[in-house]
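In the two assemblies presented below, chain A is common to both, partnered first by chain B and then by chain C.
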Partner chain A sequence: MFTNLKTITMTSALALGAFAAPASAEDIKIGVISILEGAFAALGQDGIRGVELAVAEAGGEVAGNEIEVIVMSSDASPDSAVNAARKLIEQDGVDIIVGPLSGSEGLALRDLSKSFPAVTFLNGSSAAQDTTLRDASDNFFRFGGDGAQWMVGVGSFAHDDLGYEKVAVVAEDYSFPYTQVLGFMTEFCAAGGTVPEKFWTPIGAKDYSSIVYSIPSDVDAVFVALGGADAVNFLTQYNQAGGDKPIIGGSITIDQSILDSEGPFKQQLIGAPAGTPTVSDYDGAEWKEFTASYTGQFPDGFSAPSIFAHHYYMSAHAAILALEEVNGDLSGDQAAFRAALTDLEFVTPTGGTMRLDENRNGIVDNFVTEVFEREDGTLGNRVVKVVRDVDQSLGQDPAAFLAQGPVSRDNPSCP
Partner chain B sequence: MKSALFLLPFALVPFFANDFWLVQIFGRALILGIIALSLTFLAAYLGVVSFAQATMAGVAGYTVAYFGPNTVDVGREMPFFVVLPLAMIMATLSGAIIGLIARRSQGIYAIMITLAIGVAFFYFTRQNYNYFNGWTGFSGIRAPEIAGTSLREPLPFYLLIILVSALCLLFVNGFIKSPLGLTIQAVRDAPKRVLAIGIPTTPVIVSAYAFAGFIAGSGGILNVWYQERISSFSVGLGPIVDILVIAVIGGLKNPIGAFIGALAFVLLDTFAVDFIDRERFNTLIGLVLLAIIMGAPDGLHGLAKSWLSRFKKRPSENQV
Partner chain C sequence: MTFFLIVTLNGLTLAALYFLAASGFTLIFGLMRTVNMAHGALLLLGGYVGFEVAKTTGFWPLGILGGGLAAAFAGALIQFGILGRFQGDELRQTLASIALSIIMADLMLWYWGGITYQVALPDALAGGFKLPLLGVGYASIRLVLIIFAVVVGITLWLVIAKTRLGAIIRAGVDDREMLRALGFDVAKIFIIVFALGGLLAGMAGVVAASALSIAPGTDLQFLLSSLVVVIVGGMGSVGGAALGALLIGLAEQYGLAYAPTYGVVFTFAIMVFVLAVRPQGLLGRSET
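Our next item is the complex of A and B:
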């Protein structure tokens, strides 16, 4: 009994010894939350590189105040993102948080940010629509788009240029694919196309046979909003079952790793359009410069910045620009800093002008890409269309857009 | 009575810790400790390692989320004094049902069957939208307010956690000395003899699981108030394994081990990323856990016990 009491006293004492010493008041602390474990670890790491690149470009300081970057990992679950943010705020005393990576985490941090009005949250790459559209938080900023903005251009391209009238949808069953489907359908349905059937699959599903055989035979194409291994599994099984409809891709469906993988389904992808805010080998001058800066800073990184490095960079870059504008002044609950953020305009790595709407969501550039076969037989994505100044209402009247209700499995619908 | 005194050092924390340490470290450790306590109870007194404790806690958490205030459009709101007993009943029932399913299983088979139940519940919550809101789950869950003070304020919340932890320890220690508790231990040691003297084992096993569900449920309610949200992630493989790790590193032989293990786990989980290259912090966590299990087969509790008894042989201290 007594011995155990002692044990705990000792453990507690040890724990208390670890209380952090306060840092010097001049430092500006930026906390970064990204996924550094599990399937997303390599991509999450690239998000961190984006922040480090922005800080390095600023010389590691703003108006004489040193910038300190503190990294925390989440595991794609909202709970872990909230825990990471609480640790950064309450223990490390950060002024600014950049992150998180995935959609549901973003919604959780949006909710959390209301409890911490003295900290400014800048979204990383999470792209759920309602993070900023509904129930927005005054200190949560997104210098980037949502999943619907990332699909802009694809719906009209599929209908007008490729002549598809009827498209079936296969997508994972959570907030990000819902938003992607909304982005595609908003344009596609407005152009006169129909979506007779939507198939929602649990994330990580291995067997798609029931879906493959349920796809109506009279559709012109299949819109596939699956990521990573799910996309490979579905495309392989669809191809093996003799499915021959053209594919339309979501923002994370047809990435280079899928194009580099083996399998007969690849031939089916040639010509497949997709929407994305980041094209690794885009030949815009600003993007070339950004890529050179990235590869110079991180020789061990990817050959070009990923969508995650791109978005974390834009948020950190925006924070630094706004800090420079106010000479690093974060007093008064960061009022001046936030005003500077709200009015900020800067040229993005894709050559557009980044600025925020009244919900503090980015007005962004978007790309429509298509898969093409290179001379050596390998596949790549090339840009067929750049859409500038995409806002969160996808060009519609904001009130009318909001009135369509929150995105879900059944909304929107145009059978 | 004595066992609750183990928590005395925890009760001193509010005097010198800031909100982060109070809630995020010690509060979270105690909450996880309560859930792990339900596993330690089953392991120590029924001799069964259950992987379904996070599931029982999740049942209570989802009940609170569905019937309490939340910001998603699912569920119906009821006053908290109705919701809390309901959540406890649901968790206890879920424990009983799991016990009924797993009653004939021992050792590795009990692990498999409880793991299967846990994973099935995980996929069920992820794919059911009417009651569990699928992948997204519930957010904006608020702890009740009493006399104008939210129970989620750091100090009241921490005191509540301490109180519940102490009560759970008292319950466990009282329960194992009761006739039913003694029968549970008899079933652990010699199920055939228990049958031979005319006591059916099924109700005994089921009630042990139900009691574990009750303990896990009280941790589950605190956990959902702490996280202020619950989703399928909260009942997934990650939390299931976390609870097992906590119970094992703390020591499966004594209820207090769950709390020691939980504190060690939370400290590691929170600070490992600060100590080591961030790509490898999970390796550090894994290595430390491995070292604990290899160096202390009876967990941290067993290790501390053997150290202290080796260095301090004075009889007066061992008698306290």
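Our next item is the complex of A and C:
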């Protein structure tokens, strides 16, 4: 009897506590959307680490308001990202969403954000161009670049320094590689190079052998914008078929995981240039500090932050800086918070100054890297060139850049 | 012309891989009427285990054997422990196998992570060589793949046509009740057939991991391709699986080469056409 009474008292106390919680604390809820299943799972997990790092650096609170992070997984498809965002908004009542990871997911969340004007969306690492360039949404912010910005420097390097005149393109058939190809071709074609053929392959394709044999034999190099397993498959099969053209890499084509994988195709990658906003072993002071903070926080993480940890970190960091500026005030449909975000300037882990353009897209640093052989025989990427202050128009007149039309399989073109 | 021949060769090698994956699937269906949706997971498991074995021993054929045996064991365990309990209740078996495939995929993701694995090939197979007449390079492993599939196909045909086990399986496909009435231990035979299906799936997984690569998601890709192959070829017919694999492999490669954007349409157009004209599949027997 006595125990029963005790149980009842405890239960009601708990119930009271549960009722009281939302009223007493001004928790700030940040929903994070990343890909935690399938082929991107390990990378998506690193995106979550980026957010956790930013929150941990702020001590888990802003101006006395606790920050609560709620994680949802998507699967790289636009509808999964939309479902994740709806769940975060409608059931968890989040104030801010950080994510998603992949290009077409970003476009879907940009559209969704228009239906939820009371929630602020900060892009994770998705890098389709039109997420911010065309049909932008007032409450969608990208503290990072798009796929075209991530290729800045590579086109002119390939033409002027490496002397390539004719390059074939092999890329996956969706918004992010379209944007990467645009970034490469804008410079490469302006420098006088030509791209006679582009091959768009279904994402997740295993067998590239027929594409391999379609690549014209008179090109100087092949620009490959494939990610993860797709890149390994293509490069292996290209090598096995006796393909001997030099490779130019997209931002996620020649990452460390591919350089660490096994196979004779790797020898062909030595000297291959690529464009990327994140270089694991960049020796800038800010990057070293960021890497130390990351590895200290996550001993189980990668040896250095990936492109995903880097970009999710910048978005979460921006949100926290803006929240600090307005003392955690999210009233009035977050108007003050968004104004703070819009005018925010901060030093990024790569040493540049992050700020937004009028479409709320980041003005960023970009790197041209090349693959080199370390003394112990393993391969790594080293920085050839840093390009600061890359805007979304790639340095062109914004109106003229917009007039070139949205990216697609056929745009741009310079055969 | 050279290009066309190369693409045809690519289609044949892909068909060989699809046949390896689908043969176990169709075998299990033919005897037990179980649509084993965990087939892709068995294939991926075989691929991972094969990778580990090949890496540890440094001997590639041992990897194929190890991957095949691991998947055979897992298959037998699935039939013995779970699906066997619902014998005769096909819908429940199918649903249970879907659940199993999800659980297995997550466990494998947990253990092997989300990265891509490729089984290192012996030096003799790692590179390519010049094809006679055509004068272009071709990957050695892909030709080995065709030989392997032909050997497996012939062995499977011999087992089914010439051995006592094959006779029992054929009898079971025709009339399970009669087989049971004649005093055969049907439960044991089902476990053996499931292990055989797992063996084929596991070996296909290691071959896929050698010629292409494996990663989370590979299980669903091969489950889908196996489904399409057996729907086109006819559920339960090994010859049908070979014919279906040939059609789908060639269609996929011609599609990728000549109409990359719409390549995937060809595969499913074939499937829709077969379902409309001959619902039991090209070599399948209609249920009466």
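We take it that the second predicted complex is superposed on the first by the 390 of 415 C-alpha atoms of A that agree within 3 Å, B and C clash if a C-alpha of one lies under 4 Å from a C-alpha of the other, contacts with A are read in each partner's own complex, and residues count from 1 in each chain.
One rule holds in what follows: contacts are C-beta pairs under 8 Å (C-beta built on N, C-alpha and C of every residue); 3 or more make two chains touch, one makes a residue touch a chain.
This structure is a prediction, so every number in the text was calculated from the model and none was measured.
Contacts of A:Val71 after superposition on the shared chain: chain B is touched, whereas chain C is not. By the touch criterion stated above, A:Ser209 is placed in contact with chain C alone, chain B being left untouched. Judged by the touch definition given at the top, the superposed model places A:Glu358 against neither chain B nor chain C. When both complexes are overlaid on chain A, the residue A:Glu37 reaches chain B and chain C alike. In the superposed pair of complexes, A:Ser257 makes contact with chain C only, with no contact to chain B.
Once the two complexes are overlaid on the shared chain, A:Gly242 sits against chain C while remaining clear of chain B. Of the two partner chains placed by superposition, chain B and chain C are both touched by A:Asp173. Under the contact criterion defined above, the residues of chain A that touch both chain B in one complex and chain C in the other are 37, 41, 173, 202, 409.
Those residues of chain C that touch chain A in the complex are listed here as 3, 6-7, 10, 13-14, 109, 113-116, 118, 120, 126-128, 130, 136-142, 208, 212-213, 215-218, 221, 252-254, 256-257, 260-261, 263-264.
Residue ranges of chain B in contact with chain A, taken from their complex: 2, 5-10, 12-13, 16-21, 24-25, 71, 123, 126-127, 129, 134-137, 139-140, 227-229, 231, 233-234, 236, 238, 254, 256, 259-260, 263-264, 267, 270-271, 273, 278-279, 281-282, 300-301, 304-305, 308-309, 312, 317-318, 320. Those residues of chain A whose C-beta lies close enough to touch chain C in the complex are 37-43, 173, 199-202, 204-211, 213-214, 228-229, 232-233, 236-237, 239-243, 257, 261-264, 409. On the side of chain A, the complex with chain B involves touching residues 1-12, 15-16, 18-19, 36-37, 41, 45, 48, 71-73, 75-80, 82-83, 86-87, 90-91, 104, 107-108, 111, 135, 173-175, 202-203, 409.
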